[in-house]
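What follows is subunit A paired twice: with subunit B in the first complex and subunit C in the second.
Right after this comes the complex of A and B.
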């Protein structure tokens, strides 16, 4: 006898967790779509955001400085720092890799994976940091079958939807949006029209890291605090964007949800079958997607260079 | 007045230029050429002759393919612009229409045109309303504004890339193979339009093309390249009457036989 209530709860929680993956996946796709970089350090930017917000809002020191600002200010500051980091990365790193082979850029992002991880340990904290009450909203939304959706998941779904809608409108209706799509479609043709490729890279990284920080903060909220396992989300995000089609923003969103649901389903099945299914299921899914639908759901490019 | 014009430096001048890709592949060797203000200059020659390479180093886009002028110089209106980058040349009003009808495929025709309105993020403003210059010469585009450029026909795409460049109001327009893969009738139409634009808007043009007949008919001056070197150069009218050109470029109309004739020409020359 199938327990409909339990399955419904798996679905709802899966979508909630998935929305958080979606936010990070959207950040990943944004960079890939505009700059062609596969950023293996995406999860580390989420991690950085999660830790920054707790250091800024509590008495925890940030390297040699004691900063403590109200929670709302800490949230805004974290997103802004994320955007600023994107700006610096373009200026000092990725600008020099325009037109370089994909592999060398991938290796650079792998280096950043370790650098950010180490940087967080050195400058912020090397241990798990529980979130203060102010960062742990305790409300929830009740659904049928006695299912309650926790605040971070509700916020995640709402913010992910807003981000997708906002980005779609940005790409469709603004001039900067047209220019970003133009240079994504044909970089040289855009350059001879005077499009500044450097500028498009800045916009991509700044937006991406800002969105990813939000995802990281919500992930931390949903588990009570910031831990280094948040960085492991990269591989799940990978499954999500491969399913969605790498360069598609709505694809990344849907991919995130699917991976979230699969993960929760794995957790549910563990009781009857074998442990570890929550991490196995999304990866089996990743393999099947790569074999069966190499363009993903909405992608324009064949996935063969991974 | 006429003496002042004579003193004006050419819009573009290459002086004994050597162009190398990847620091080791010699693509163009000792090429000297120039384009006077208001002229249409034809750049002819078989595949691999170096036509595109020369245009790419003038607009600076060749730098993104690891191309470099390793000897000689390039001057724009008398100023040295050897190995200048694309941003600088765009600022100097040089617009390059790349080989192969490079429309932004998933953007609509209107969005494609819109990209012509910006330079390094800054909007350029003109007295005429924005797209007027495009629609004046290519009225067909007005009905296609909401169509995705990828779905346009080859001819429409070629018009679109020219129109997009015109919105940029170039002083020097570089066109790479504007007739590639188009029906003969369309080629004549597009070349007539280019001539008209050149006269009305006073835009200097360099057209690289394998279609020697049509190109020379609208050009003022022509250069024939082979193996990265200038083999012949003359005013277009003179060039058209040269035996080599008549025999090997103008004799036939079908593309295939044209290519094979050219190959003969190269082989014979080598054995002479």
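Right after this comes the complex of A and C.
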């Protein structure tokens, strides 16, 4: 007998979790759309954001002083650091890989995966860090069928919707947005028209990592603190963006929601079958999508010519 | 290079040893790895055994990546499958190293074929993503769950330290014996890989790598050749995984995570893609670097071992920025420079 209430709760929680994934996925497809870089370290950037908040707000061993930043300031600082990191990455690393083969870029992002992972383990903490109380909101929104949505998920859904709407508006109505679109569709033509490609790529990286760190923070909030499992979100993000179409931001949003629901459905199935299904189900989904419709829902299909 | 064409027959032109100096280098260089274990410290012998084992694995990656151009991110799984198969054959059937190695290779080749199925529809980074997904399923789920013990025979297994080549004839146990065994297997696979690039199959792989559309127009079956590359490469990586398991004597899924994939990519890229010598140079450099770096780190800052992946990441990015074609290309430039020295041209 299928329990409607349980399934509804799977759906709602799934959308909540999925909204967090979709924030990170939006960061991913933003970068892919504009620079063509396939970032295998997206989960690690989220991880970095999650750990930075807890370090900044609890104890910041700044030489001899033990500085404590208020929580809100820590959040803002983390997002700003994320954006600054995007700037630095573009300036000192990815600029050298414009026009290099796909493989080199993939390897560079894989290298970042291990750099950030090792760096966080050494410089910040090698263990799970619980979030301060101010970052653990205990309110929730009740829905029919006795289901309640936790605060991080509500925030995630709201923020993800805002981000998608904001980015769409940004791309459509601002000058910078149309410059970004222009360089995404044809870099050379954009350059001829006087667009500074370097600057657009910088903007893309800064935006992407800032959004990703927000996603990482919310993901950490939903589990009560920052742990290294956040890094595993990369592969879920792949499932999300491949389903939505690699270079589509609304696609990434929808893909994230679908992956979140699938994951919760896996958790639900665990009772009947075996544990571990929550991580396998999205992977199987990813493989099926790759085989059946590699360009996803809204992705641009590539036509090859000799 | 002196001017004029020196080769008068096809055999001379395509031979593995073409110039007189290459014969001299071969004759002088061959005894070095054979005599080395009697001179080196025990620790270094074991490091070089590991080097040989990794060379076999990276040669498999080399076939898939530099010959056929498939970005396969499932090295860890392939090694893991080889290791678990070898462990079951040695522990339960007691057949010895050689059959274990061969069967491990064949099983891995078969699984690699399955991993290559997405190549039917997609290429490039879609292959990277789908192999990464399969890696994730296999290591995080399949090998970790004891429900599947019927297939993989237990999440953690250990192997005996003395194993015969076939059943229990000629046991391989001491570090020196392992060194020589790994060396012989490595040489066999290195020669096979070199020869593969000279056969029609190797040329078809290259054609598909350079421009798969043109190759298909010329009548090369893309899907079949890609699958063949997966099978050949998977076989080598499986053998390498089997030897790695025997070398360490213990297997657990943590050994075969994405880290080992990344390590092998670092080795391949650092040495230079496309040449067997590049693979050998790359693996040796990385392993020695790894060995000494870890030693220095442990001596200087005992708590800094977490920094090792950071160093590796930085090294690979710097290498890709400075010399994207690897050590082999850098050596070629050095040779050109020395040939003209002291003039600039």
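Structural remarks
The rule is simple: the second predicted complex is superposed on the first by the 293 of 306 C-alpha atoms of A that agree within 3 Å, B and C clash if a C-alpha of one lies under 4 Å from a C-alpha of the other, contacts with A are read in each partner's own complex, and residues count from 1 in each chain.
As a convention for this text, a residue touches a chain if its C-beta (ideal position, glycine included) is under 8 Å from a C-beta of that chain, and two chains touch if they have at least 3 such contacts.
All of these numbers come straight from a predicted model, not from anything done at the bench.
By the touch criterion stated above, A:182 is placed in contact with subunit B alone, subunit C being left untouched.
For subunit A, the partner touching the most residues, choosing from subunit B and subunit C, is C. Using the contact criterion defined above for the overlaid structures, shared-chain residue A:56 touches neither subunit B nor subunit C, since it reaches no partner.
With both structures placed on the common chain, the touch criterion links A:300 to subunit B but leaves subunit C unconnected.
Legend: residue contacts after superposition of the two complexes on their common chain; A:157 is shown touching neither subunit B nor subunit C. When the shared chain is aligned, no partner comes close enough to touch A:167: not subunit B, not subunit C. In the superposition on chain A, A:235 makes contact with subunit C only, not with subunit B.
When the two structures are aligned on the shared chain, A:199 is found in touch with subunit B, with no touch to subunit C.
In the superposition on chain A, A:98 makes contact with subunit B only, not with subunit C.
Subunit A residues in contact with subunit B (one complex) as well as with subunit C (other complex) do not exist. Of all the residues in subunit B, the ones that touch subunit A in their complex are 59, 61, 64-65, 86-87, 90-91, 95-98, 102-107, 111-112, 114-121, 123, 161, 164-165, 168.
Residues 38, 40, 93, 96-97, 100, 102-104, 106-108, 110-115, 117-119, 121-122, 126, 232, 235, 238-239, 242, 274-276, 279-280, 283-284, 286-287, 290-291, 294, 304-306 of subunit A touch subunit C in their complex. Contact residues of subunit A toward subunit B in the complex are 98-99, 175-176, 178-179, 181-182, 185-196, 199, 300. Against subunit A, the residues of subunit C that register as touching in their complex are 65, 71, 117-118, 120-122, 124-126, 128-130, 132-134, 136-137, 140-141, 144-145, 147, 213-214, 217, 258-259, 262, 265, 269, 304, 306-310, 312-314, 316-317, 320-321, 324.
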